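Presented sequentially are two complexes of subunit A, the first with subunit B as partner and the second with subunit C.
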Partner chain A sequence: MASNKKGEKIKEKSKRRPASQWAVAWRRFKRNKAGVFGLIIVMAVFFVGIFGSFFAPYPARPNKDAIKPFYKGDVRKPPSWLDPEEPNNFKYLFGTTPIGTDVFSDVIHGTKYTIYVGLLVTAITMALSIVVGAIAGFYGRWVDNLLMRISEVFLVFPALLFILVFVRIFTLTVGDPFLTIPIINIQIPAGLTIVVVILGLFNWASNARMIRGEFLRIRELEFIEAERALGASNTRIIFRHILPNLLSSIIVVSSLTIAYAILLEAAVSFLGFGDVNTITWGQILQENFSEMRIVWWAEIFPGLAILLTVFGFNLLGDGLSDALNPRLRD
Partner chain B sequence: MSSGRSITRSFSSLLGSAMFRYIVRRLLYMIPVFLGISIISFFVMYAAGDPLSIIRIGKPDITQETIESLKIYYGLDKPVPIQYLNWLTNLLQGNFGKSLRGGRPVNLLIGSWAWETVKLQLISILLAFAISIPIGINSAKKQYSKQDVAVTSISLFGVSMPTFWLGIILIIIFSYQLGLLPSAGSRGAPYLWWDNPILDQIAHLIMPVAVLVYVMLAQNIRLIRANMLEILRSDYVLAARASGLSERKVIYKYALRNAIGPVITYLGISLGMIIAGAPMTEYVFSWPGLGRRYVTAAMELDFPVVMGITMIITMMTLIANLMIDIAYVYIDPRIRLR
Partner chain C sequence: MTENILNIEGLKTYFFTEAGIVKAVDDISFNLKKNESLGLVGESGSGKTVTALSVLRIVPKPGKIIDGKVEFNGDDLLEKTEKEMQKMRGSEIAIIFQDPSSSLNPVYNVETQLRDVILAHQTVPKAETRKKVIELLEVVGIPEAETRMREYPHQFSGGMKQRVAIARALACEPTLLFADEPTTNLDVTIQAQVLNLLNDLKKKFNMSLVMITHDMGIIAEMTTRIVVLYAGRVCEIAKTHDLFERPRHPYTEALLAAVPRLDMKKTLRIIPGNIPNLIEPPSGCRFHPRCKHAKNTCKEKIPVLEEIEPEHFVACHEWQNISLKGERKH
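For the complex of A and B:
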């Protein structure tokens, strides 16, 4: 009787689909408080980026020199909740700049650019590093040697310095501040896109080496040997067998790369090499840097936004790493 | 006489040693990397087009004759590969060309800027490593303790923070609000801080060093902690503990030696970047070093200066990498000299 019951139970269980590795990972991720906190921050950033223009108190503004006089509001007002002369505590949450723009609105409108930078830089970086890592790790021999020497060049490179020169050269060539992509009819900022492409092209080396290492490891495993014995082509082995095994590492690295890309773009903009027509967070910091003795609020709040966003992506990345690669857990 | 013979003997044994062959091989490996970077650096100039056209934008009334004579002065009238070879031979002789702004020799300019950067960086790196090693070890020893959680979250905060923004915050608080420390420069321009040249120097160093140390500290602690955790679980640590050694000896004599590898790699990268400085920190604190000059030169597209600084950084990084590889051999005998 008991054994029968047991048998039924087993049957019942086996009717359900077994939990996929993603479901298992999600369950593990949910238990990690820091990771969930990171996910919440990231989701909030996406929300502000997508819907921000609906609730920002003031509209998005053009660059510093193109601001028309009628656009100007109060100049150098501290955050309203610190200002005894201002009855409305919520008028300027983050204060106003020397040119009379509202820092709170600028930060909200800047969020979408931050997301744009993070995602696009990471897409370019990961595409490049997967291609390079896969070719080097799978084909080995001289191809591997050559690609790894090239990646060494990129690692030894003082990347930030080179990025500055490249950005400076190419942003000089920008004509229209915005480009329209023909079919989907979306406007993208031209100067910022140049910055993004250059950041993407310069940061693939370390990720490519990581992916190469994984390829080398998996290539030698028995199931690949079995697949090869069955007559599978190289393409099939790479795309059907090795890459899916790498997916979790790629997701983790992508999250950390987004964080890094956002920091890098902020640095480039802060040093004055960014696109003056897109008011990213780094751009706000740059514009008000020379007057920070007075308008300290215009430096503190955009910086806090950067810190929080990057912190969120880093927490998310660490959490994903724990959930997806439990072997690597500290 | 006998000492002379022993010197020759030890010298010949050095030549024949595996270590020597290893160093030579690593040096040979550096050549293609160096050439690769030099080629890319050089052709960046040509992505920009003619540097003289930029001068022309700045001075619209310049005559064609002046442009021609400038071209010959800077050697821009020759074909590109010849220009590259000229530039490279000059570079290897320590001649970096002349700045497009003012025409002063680049190596003299770099020499006068480098000292400030080296001073700032050396102090920060030494401090950062001295502080981070004990903290990282302690954090790993008591994993998930309150202290560990605090340290790891603060260091994650550190890697998430834009370097320059931390500098801005410090300036706003300590210079503008409290008036305790100078906000810019490397020495007292209008007056001496704390009425003493040495104290003045220290006053100017405190905030930039604090920023650099904090950023490096965050990286270091994360590295050391992760490595220590892995090693403290290994069998030989268990064996060392089982044989009755004190915990202190187990950690500092056995575990640390194995955990230090990646830290040394990171130290090497930081040493290579000593010359590069931290452009952002130097920019925020108006530190008169190479990093800030590089930013200005890149902004003005002053290519001889940009290329000169880039090549110096490249060489420093390559040399630092070599030093790391050699240090590894001494720290970790498992590494074979191939």
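For the complex of A and C:
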């Protein structure tokens, strides 16, 4: 009886299509409350970034309508739900700025730039660090030595200082505030793109070292020797066998890099080195900084937006890391 | 007359480590006839695996093949370009590794792993590769191949994994197969199954097999001729039957005596001492510090391999003066 029962069970199990590793990881991720919370924040940020212009009360700058005083006289209005003179609690949720813009609209329009910065900086950073890490980790010897010494130089640089210098130099060359990419016909902010590229070029070192370490580890595993014994070339081993084994680490690190890039861009803009034509969250902070004691709402809300977004990406990254590398959990 | 499929002459593979030059394989010569099962026996570190890796030319860094000839079907493999070797690996010569759980890439399912090998060496339409994969898995005795091929290595048991590894090695029907301790990491009950499978497949695919192991029991079962290695040198080459009955080298005798047996009421004999440090190997015969028959000449002169009977070679100065006990056949 028992063996019969067992036999049936085994058969039943084998009929089921085996779960892919992604399905397993997703199941594990769903159990992690913090990670799911992070994912929700991140999805909300993406939603606002993509569809924000449809529900923002006022258009994005530099449109003239964006700078519109709400009342004659003083345009520094606290959030409408705190303003005793304003009967409509939703009229200007985050208050207004000294130049008469709606902080709520500014934050919403800033979201897409935040996403642009986060994704593009991370793409550049990861591309660079994967190439450098793979070459250093796979070929080793003097190549490894050279690349790692270069990465150390980047690590000991006071990066922000160099970023600021380069950003200032290169943003001077910007003519049109927006560039249209031919063929796909998408407008990109020129000044911000320069900031993004420079941030990307300055951030690869630590990620490259991580990827190099992983390459060193996986390169020595027996299945790599087995693949070589079956006729795999170096390129094939790198791209088909080592990199896919790193995919989970790359995903996790990317998500953390996005958070870091957003923070860094906010810092650059806040210090006044950003692109004045693209009102990122850091840019809002910078514009209203001098009157912070009065118009605190113009600092608090964009600041909270940055905090929440960075927090969301960090939680997501941690959640992913737990889900994809269960060994690291303890 | 059967011709030799593999002819190794004076092979030297050294590892250039920081501590010094490790002479892992030092002047090894033997040959392998078509359809033969040859055993490569020796303690850990005697150069068995390095010999196999040298034939495939995948000796890991800092190892290097210094000298010698490896003729495969008459062509010297050491003179081929890396590209040519890549084509040979997996299609003409294949190897099965010791640990099946680490010799399969964890991120791909079984079908992908097998398909990759087939496609690396042959141009076959996709539908046909699937058929071939199922066929291969059935040949190596994996039930429900069509379902199981979609599973990942971690979903297989050790024995099943080794079957997958065997299927992968046989995917392109190589004529020469190295089996590097293929059963060391398996349960004893599974060992027999895998060995039987290898024997069947050898006949089915008309392969020549080189069985690398330190297990004299497996060697007796699986091979027709044996090469005994010690510290990177050949001690003795003989037909399996002869070697077990009339070992001529003291090391071979010691190896045979170290096999536990139920029918003899004697304590297990161990070989005193350790395998020598291969950076500074003992002078003369490398076995002399552990050999109870050692004389002064053994310290001074390197013994040469001489044919003392048809197809029985031994490298020992003293073989005529000593009588050694083999295993009585039953």
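Rule of thumb we're sticking to: the second predicted complex is superposed on the first by the 309 of 330 C-alpha atoms of A that agree within 3 Å, B and C clash if a C-alpha of one lies under 4 Å from a C-alpha of the other, contacts with A are read in each partner's own complex, and residues count from 1 in each chain.
Rule of thumb we're sticking to: contacts are C-beta pairs under 8 Å (C-beta built on N, C-alpha and C of every residue); 3 or more make two chains touch, one makes a residue touch a chain.
Treat the numbers as computed from the prediction; the structure is a model and nothing was measured.
Which partner does A:240 reach: the first (subunit B), the second (subunit C), both, or neither?
Second partner only, subunit C.
Scan A:229 for contacts with subunit B and subunit C and give back first, second, both or neither.
second
Counting only touches as set out at the top, which of subunit B and subunit C does A:182 meet: first, second, both, neither?
neither
Where does A:21 make contact in the superposed view: on subunit B (first), on subunit C (second), on both, or on neither?
After superposing on A, A:21 lies in contact with subunit C but is clear of subunit B.
Identify which of subunit B and subunit C touches the larger number of residues of subunit A.
Residues of subunit A touched, subunit B against subunit C: more for B.
Which holds for A:84: it touches subunit B only (first), subunit C only (second), both, or neither?
neither
Pick one for A:273: touches subunit B only (first), subunit C only (second), both, or neither.
So A:273 only meets subunit B here.
Is A:221 touching anything from subunit B or subunit C once the two structures are fitted on A? First, second, both or neither.
Only subunit C is touched by A:221; subunit B is not.
Overlap of the subunit B and subunit C footprints on subunit A, residue-wise?
Dual-contact residues (subunit A): none.
In the complex of these two chains, what residues of subunit A are touching subunit B?
34, 149-150, 152-153, 156-158, 160-162, 164-166, 168-170, 259, 263, 266-267, 270-273, 285, 289, 292-293, 296, 299-300, 303, 306-307, 310-311, 314-315, 318, 330
What part of subunit B is in contact with subunit A in the complex they form?
Residues of subunit B touching subunit A: 32-33, 36-37, 40, 44, 47-48, 143, 153, 156-157, 159-165, 168-169, 171-172, 176, 225-226, 229-230, 272-273, 276, 279-280, 283, 294-295, 298-299, 301, 306, 309-310, 313-314, 317-318, 321.
Can you tell me which positions in subunit A touch subunit C when the two form their complex?
Touch list, subunit A to subunit C: 14-15, 17-18, 21, 140, 221-223, 225-233, 236, 240-241, 244-245, 247.
Within their complex, state which residues of subunit C touch subunit A.
For subunit C paired with subunit A, touching residues are 53, 56, 58, 60-61, 86-91, 94-95, 97-99, 102-109, 116-117, 120-121, 144, 147-148, 150-152, 155, 165, 168-169.
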